[in-house]
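There are structures below to look over.
Two complexes, one shared chain (chain A), two partners (chain B, chain C).
What follows is the complex of A and B.
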């Protein structure tokens, strides 16, 4: 059985349209370049070890405060998010510095405040077998204090193809305390 | 063409019958150049009827916005305002240490920086790249460069980073020769904006702010001389 010329014509058109649509579909679902580079995300939970390639982090506590002070007499008011954690290097101290430590709220990205002083600021090298406890203090826009935040932590500023330890924080679920302490970075007990 | 038409009609009567066949003959007979010139003439004529083509906008020098002390200027990244210019013998904690043997004092400009972007911005790179104070020497008595330092006014944090959405009062300081500036002189300050570069037509990378910094606003601050500046030391 053979199609009439008219039918064959229509079938060719329909086939062409289907192929174009299929090509568009393949384009639409093909992941972009960044897909192949994305970090290996490690979801952290309070009180549990989170292991990245070069480090092991244990999130200890998340606080929201309207007033913070360090151990040396400095204090400040504002909207603050304090994340206390314990960290140590795994296997080697090469590549165990905590260069990426940021709090993402929506499109915004905050860095730990340098106002707390260098002794309390949590950046720097982690040690093998010697866990340290430290606190990242983020001073944020008060308008962001009731939103969802993600703490992102890792070895390099560039997180492509590397481990990224992330902690989801629901700021609305936290009660702001009147005063919180930002302790110095210290060896864990 | 009208002359040629009857002749063509005699040889081939069918060519005249439909507009399409007439077009075919006309297209063969008319040189392409004529069509181009006629089309261009029509286009320019139509343009002229509506006032002609406008001149390409000249890359005009944008006049500097004139600010008063306390006025806010948006650079696209930071919203900045400046309030005071102060001369002081020294201001510990400001990041600027005057060389007393070289006869130096400290020039302080106070202002507020508000971060209007979604990422932290360093106050120091703003002070050194986008803030120009007229009349400062290039070299210090010891040969070092005269460079700005920044410090928070509230807790003297040196070179503070301005987090997104936050405003910070900052003291900008420079070492200056003691006899260069005097009380009641006007200090001319120029603020430059960085240029937004959007490579989206080349790649899918996001845009970013980059040099050159283009002067965008200016203001004059009347200098106060507070001598040894006992009051000011609290701020530092």
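What follows is the complex of A and C.
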């Protein structure tokens, strides 16, 4: 088969345009660097075990409150989200600490309040075979109190290529209680 | 008239049938190169792989030195062992008082002999069988008191909090590092067996 010179010319242009379009398409669908580093997400449900690489977390209760107090006489008013959970290390205690604990609402990221005191703060080493119950208390902007929130929990501050336990929370569906307790971190019953 | 001899025009041979020599297959023709590849590729993979692996794990405790119960071993010119588990003493019991119901506190002890080096040793208590769960000391990870000129023999100890279903036999991993010396690549560590 042979083409006339005009047709060959047109075919070359068409082929070139197709190749440029294909290159653009490949660029457009290529995932970014963060795609290859994304965490392994474990969806948590209230009352069910959620297992990460070296820890097992059981979400117990989510509360919204306008007033919180700890076991030592401290109290504060504001918009608070309290998440109670049980945690233990799996397999080994080496490297099994709860270093990442944050509540994401929209673009904002909240860390558990340190105002509740170090004994109530949930951060730290988890134990093998000895579950502990703890409560993370997040003091949030009142404007965020009716939005959707995601609690994110993990071993390391850096969640790349590591497991991430996530709990989806619809804050609008929760009724704010007048007063809530933030108990100290303690051994589970 | 000089006769000019015109050289005969070289005759282009008429399209010639393929040589009757039997064509050898591609595999056969490249047998030598393929054979070389079969040798070189595994060597390259092993060399690069082991090098990467060793670099990635360079300073993690690597080679266990197994020590039978009641025995001791010498590392960095210092004698370690024998190791044993014991109940906590009255003063240690106070620290264990906050333990949950069903848990028990144990204290791992091992003797460290006289030596010239300032050593640090971090310990892990592990189940020898089954799930091989591992526990860290409730207090400091290091069981050896740090001392610039630690030359006196002493007994290292570390307390652990174990759940009631952890019954042993146990092994105690002791990672010893020489504080004064250069880091050792692929460092050895001591693995005491304890019944």
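Quick note on the criterion: the second predicted complex is superposed on the first by the 188 of 189 C-alpha atoms of A that agree within 3 Å, B and C clash if a C-alpha of one lies under 4 Å from a C-alpha of the other, contacts with A are read in each partner's own complex, and residues count from 1 in each chain.
As a working rule, contacts are C-beta pairs under 8 Å (C-beta built on N, C-alpha and C of every residue); 3 or more make two chains touch, one makes a residue touch a chain.
Because the structure is a prediction, the values reported are computed rather than measured.
Superimposing the complexes on chain A yields a three-chain arrangement in which chain B and chain C fit side by side. Of the two partner chains, neither chain B nor chain C is touched by A:179.
When the two complexes are overlaid on their common chain A, residue A:107 makes contact with chain B while staying clear of chain C. Residue contacts after overlaying the shared chain place A:187 against chain C, while chain B stays out of touching range. Using the contact criterion defined above for the overlaid structures, shared-chain residue A:118 touches neither chain B nor chain C, since it reaches no partner. The vertex angle at chain A, taken between the C-alpha centres of chain B and chain C once both structures are aligned on chain A, is 100 degrees to the nearest 10. Counting residues of chain A touched by each partner, chain B versus chain C, the larger count belongs to B. By the touch criterion defined above, A:45 reaches neither chain B nor chain C.
Of the two partner chains placed around the shared chain by superposition, chain C is the only one that A:130 touches, whereas chain B remains out of contact.
No C-alpha atom of chain B lies closer than 25 Å to one of chain C in the superposed arrangement. Residue overlap on chain A between the chain B contacts of one complex and the chain C contacts of the other is empty. Chain B meets chain A in the complex at residues 118-120, 152, 154-155, 157, 160-161, 163-166, 204.
By the touch rule above, chain A contacts chain B in their complex via residues 32-33, 74, 76, 78, 106-111, 113-115, 138-141, 143-144. By the touch rule above, chain A contacts chain C in their complex via residues 91-94, 125, 127-130, 187-188.
Interface residues of chain C, counted against chain A in their complex, comprise 99-101, 103, 124, 131-136, 161-163, 165-166.
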